[in-house]
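So, here come the structures, one by one.
Two complexes are shown next, each including chain A; its partner changes from chain B in the first to chain C in the second.
Right after this comes the complex of A and B.
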């Protein structure tokens, strides 16, 4: 099976990097007399999670975004920030995109500039996409299949465009292609694994079958780029638009203004809308300032999408009139602890189960930021916003959230360690919430005699040198390792493969930190990549893997990440797109 | 005088306190509002059982954490000062007395140390030190490292003062007298000069302690100090700021802040008082 190894690690690093902001924002709340006002007392709270708030087709107005930091790049071929993926739908339409709708519908793929999802050859190696006719760039020049091919080609040159995912490099048949900036072939079209038989057809040639390939072309990287307008690293200053809006001006890392793209028609991307007459995004704005200006109506949406800061959170959660403008969205992230099968005495499944039972899930939830900004108590590996999630609760995390100490003790006895044991725990010491979670797990496990020794490491090298290095883990008895995980696309494969597939164990940058090599799990992964499988058959495999992994007790799920988002009441057509775990930026409008 | 009393109080608290207060690592989730992860009740959950309230998120007793934290703060501050004073006096006295190239060498070395980006160095050093080294591990190793880093880089302050004093002392008649009856370098250094340096050394040591306590808090604040769940004033402050607790539960920031303030003020007052008492000219 193909292993997008480097890639997925980058994914993890970046996506978790994104949530740093969320981690830094905290949990919290209002003054003591409002402590009993809970979000449940307001019916409109989180209305944007399940349905469209303020549906409207009214045109005009200026939609204003603000972002605490800066984008890694607005270039669709050079970004790994999920909020930029969301935002780029305004000006760059990939071959395939996600359906614009709330709830689980927003996890499904829909055609972008292609006429439909990809058609795969019988051997699973060739994926064919047909482009819609009449597509134009913002300057009126027609979009051809070669522009899509070029867009993919340019992502190969990491010295020019370092940020984006590298799935194409690992999956396609021509991995050593240097990229168009060093390409000596005529017309800069040297990538042999992407072919364009005619101006409306693109074909991708894979090394091995990869059933999830539609999700890969749904990355912003397949949005067409005209070769004669490409300015390499400077392309981010003015990406040539194929979406409803185009860049009018962009002062790097300060502010960008987008205006309507006159050459765009809804046919080009039915999943996007062109309502506001102008879109402005302000960058490098102080996070608390963003919250205040959101609540004052001066800014419409916080582009970063990781939720409001502690101060605003306390204000919103204790004030029903603000609460109805906020949404408590699942981020698609799981916060959890790996339990290493190769560290004694955790080699015994009963000892691992003792940890599953003894953990105090409520304390974990509080440590991660509470039920609204932290997350919901987790009982499975797959979060609810992943295709293949099935609710199960093998260790009574939901029914006995404070832990089942009796069950934990009997598991300890079964494991031959009735008085508990000593084990190390690795965590990232520069993540305040993880520090809290590590300490709370230590305190919870001490209740059954498990003595946990904390070891903090810097997050930058956590996956390369420490928790992600099996040798280091074994030498230091790091039987428990804190972690967080999000996938680049919302299906079971994207989420589970790097985490639990036995063939992903690596000497460094290991993401299967629990070192699970369960033949049952491995067989199911092998089965899932069979190109003959229908989508429904493939989807049915993910909950089985999830349940088997939980049975192996190698992952202690803590919380399904959540963030508290606030929307200006003037924004129309607003809802949380489950794939991003933030508002769908492609369909928003403003009422005057 | 007030400073002295405060110091006695702090030291007693650090020595006896940990045996009196509750376990600083015990979670009291029942005292925490689960929605807001903030202590129930006003003023950070102050009650009879928890006179300084409890920590947000964990519900650990604040008094216990402040008291145990005092132990580490004072211990590290004091040991680091001893290290700095020993090195500083030794080199300062040699540089001042012998002069010439010895003086040039030592004085330039002091300049280098003073110009060193200490905080950056400390973060890097503590970041690369493994969990266990030199037969030490965990917090013992951390305490040792903190003492070393803080003390080793603070000695030039003491060194310069001692050198300056010696420069003037060595020209005095009693030194000439000692030399004329055959006194050699080491004898003059440690029997004639050193006793006359006791006053400034004492004063500046007392003033160095609070600087070192602050530096330890700063390192803890930056996450390169003690290993959690060991209580530390700096980490409590850091937690309050980075997690945004200062807005939700201001007491969580105020209390460790006050503790640092009181400790630093006590040593400063004491040091000033000592200087006035020992050196009548500054009155």
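Right after this comes the complex of A and C.
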């Protein structure tokens, strides 16, 4: 062997050694950094899904969040990111909020700055909320009903606050109101559909009855904003706090520091706590770095709440001492495929049912990331974290997860296509998991002779120009379209309406991509808007719609989304809030 | 050319007249401004003109910035606010005007004035671009300067030693490591460094940027890993370049002459050979440093440093055109200025350049010219072999810069 060759081999050996050492350290780092001490010694895997881990009322310390990306905005009136909605409870309290508790309890509404949930008029058109007395902003000035009205007003100007939901513009009886910024002398407090009879009362006037209105005012958009302190697009840099913490500093897209709000009392929002002395959120942190720092104890919570990356996932699941600090949480999302009722031969329900039976759910689950970070096999449209969910399995997805090929062939024969048929499938080509799921579905359906032609599209225009455009879908025979769905609030209406109500079919940006216009489903939605219904009666409608939609075989449920969350052992009062599908940030503390 | 020799010898070592240097700098600055305008036009065309040519209209462009489920009037409102409804020429003029004279922006309740240089407002965050870049700049400068010191000293030293001990174990080992350094991407070496020295052994725990004004020790400690990681890539390259240059230079006649004159070997190596070798190294160094100051994308992403690199990535992810325009302009500025500084440094490092800087009327290098002109071309002032070295360096440096 020549000298240079020996040297080359030696260099390779050194490099390989370095790499192996790094890998070995990766698998062993957790055990050295997370000692089995203190109150955490008894916790188990996913303990935070069903109960409170590390309950404590100890105060002090710095609670450190890190986020892989940046917020759309910290302005409570200008955000549509679920993690920001969760995080905003630290500094912005809306009229109504969610109960702070694990499990299904966390889906229930609770008063925020209002004394109770809304009182609806007999005709269902006026919702009245009374504010608690003694509420103050961070600077000590009192909160009034007009501040709530103004908070709603400013969300109308989408040129200044473009990101938030548009439910108020859709539901309230003054849809053409331009917002308070244009012609301020005229439009400030000019929204006629929100009235303030006295400083402690806010009334919302709707165009038509909407039983879920309490959920709408539970959005961060109703957190009060003082008109004279509103800085419009710059309000995100320092929202005026009504929560337990207030902004001390914020370097845009880099880091924010929040300190205790001296003018906040637990009475203002019993669902939040003020335990840590300081809350720091670091933005734009490398995702793998977040995982490693979490396990090293340098940061406390991954603010994004979408779970650890693949490398950390493998490390956690193979190491019991790390696994016990992690939670496998349902995200509230459903990953599924639309089956279009207007694309032949899927116009025939039996052909659609053949797809339901032939799909291999286990493969789908693997494609979406496996049982922990991907999801649980789905058999209904409503995920388990939605009020009204009822476990059913009409196509044996749970009992025969690899597919029931005999039943599929039987359905194909019933629809006059015994040898199968050809159909197009649309998916988002820039989403690796969706690509895998599409390929998996293609392979599964091929087993019964259904020839699936894959068509990939960019996610940015997927709903506007391709899958969400019925004309395009018809022209390209896209009978199957991959999709994912999460609701803005956790009840059947919030989840099902946009997906399955016949009146939501639109020429562009269509969310009812299967083009379902089933009179039975439509009637049930209409029935649910009856203001005379009790909550229990309304809730009973959602599983009926779910079952009817499954009977129509227009949605192929694949997995209920899940994510593997990791919590620093030092964090107290930690649990998964079912509504957010991530930890409840409003109650966290940190032990010294 | 025989008469030129005494003239050159007499000018060697003399400082350049101030007016010569000022003329040179003014010319280069003029060129810089022209270059930046061209860069701005190209960037603007890429992000504003090409989408139009591809069939996207202003309404569709504006729709990207109005959140989910926007109404038609909301999109039109945004179109007007972002100025996308105006002709492209007007939009470009507004952009240039903002840099020179500042501009006003509607933040909702009031109009905000953005003083020059105003690179516009982010289409996403609606915040002025320039202060965001200024906030990110110290991070990138800290990273780039620190790493540059390491790689320049380390790379050149290793290269010189390797050349002097050609074929030795040190030479082979150092060149082997250099090859690894050039080959391994930052996101690999960076993650390995973090895994070993931050997470496992915690020598540099919780790496994050701390301003030097806030805590100089913590600033340095937290930047050690990024510096070393970045410098490893570049030092490897510089070591190989220096070694090649030194080997070539050591075989030149003037080195033999220096030795024949009885000069000590240290003087021969440092004052003669290294000096000649450094000229192309400086060229590449200027380019590299300029590029890095525009944002070390991979290093900043790997170590989560909130510098211009991260700013760039975020701007691209968000399709935030004003931010992209701003960072491209700033990066171009750094590259051009760094090159200008390198050219000035040439005169210090290489006497042949200094000779060539003299006006033609006084210098024999352009004696054939009928009118007094300034000569500032490395091709004519630097020896042919050295220039080739620089060209090689430039081509081999590109992958490294792309990976930074």
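Convention: the second predicted complex is superposed on the first by the 544 of 592 C-alpha atoms of A that agree within 3 Å, B and C clash if a C-alpha of one lies under 4 Å from a C-alpha of the other, contacts with A are read in each partner's own complex, and residues count from 1 in each chain.
The criterion applied here is as follows: a contact is a pair of C-beta atoms (placed from the backbone, for glycine too) under 8 Å apart; a residue touches a chain by one contact, two chains touch by 3 or more.
What you see is a predicted model; the values in this text were computed from it and never measured.
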item	value
Contacts of A:70 with chain B and chain C, given as first, second, both or neither	second
Chain A residues touched - chain C or chain B, whichever exceeds	C
Which superposed partner A:360 touches (first chain B, second chain C, both, neither)	first
First (chain B), second (chain C), both or neither touched by A:181	second
First (chain B), second (chain C), both or neither touched by A:453	first
Touching partner for A:233 - first (chain B), second (chain C), both, neither	second
Chain B versus chain C as contact partner of A:293, first or second or both or neither	second
Footprint overlap on chain A, comparing chain B with chain C	25-26, 28-29
Chain A contact footprint on chain C (complex, rising order)	63-71, 74, 77-78, 80-81, 106-110, 112, 124-127, 132, 135, 172-173, 176-177, 180, 191-192, 194-196, 198-200, 202, 205-206, 208, 301-304, 306, 310-311, 314
Parts of chain A lying in touch with chain C, wherever the complex brings them together	3-4, 7-8, 11, 15, 18-19, 21-22, 25-26, 28-29, 33, 69-70, 72-73, 80, 154, 157-166, 169, 181, 184, 230-237, 251-255, 282-286, 288-289, 292-293, 295-296, 298, 460, 464, 509
In the complex, chain B residues that touch chain A	25-27, 29, 32-38, 40-42, 56-58, 127, 131, 138, 223, 227-229, 239, 242-245, 247-249
Chain B-facing residues of chain A, complex	24-30, 32, 35, 38-39, 309-311, 314, 317-318, 360, 362-363, 365-367, 369-372, 374, 402, 429-430, 432-433, 435-436, 438-440, 442-444, 453-456, 458, 476
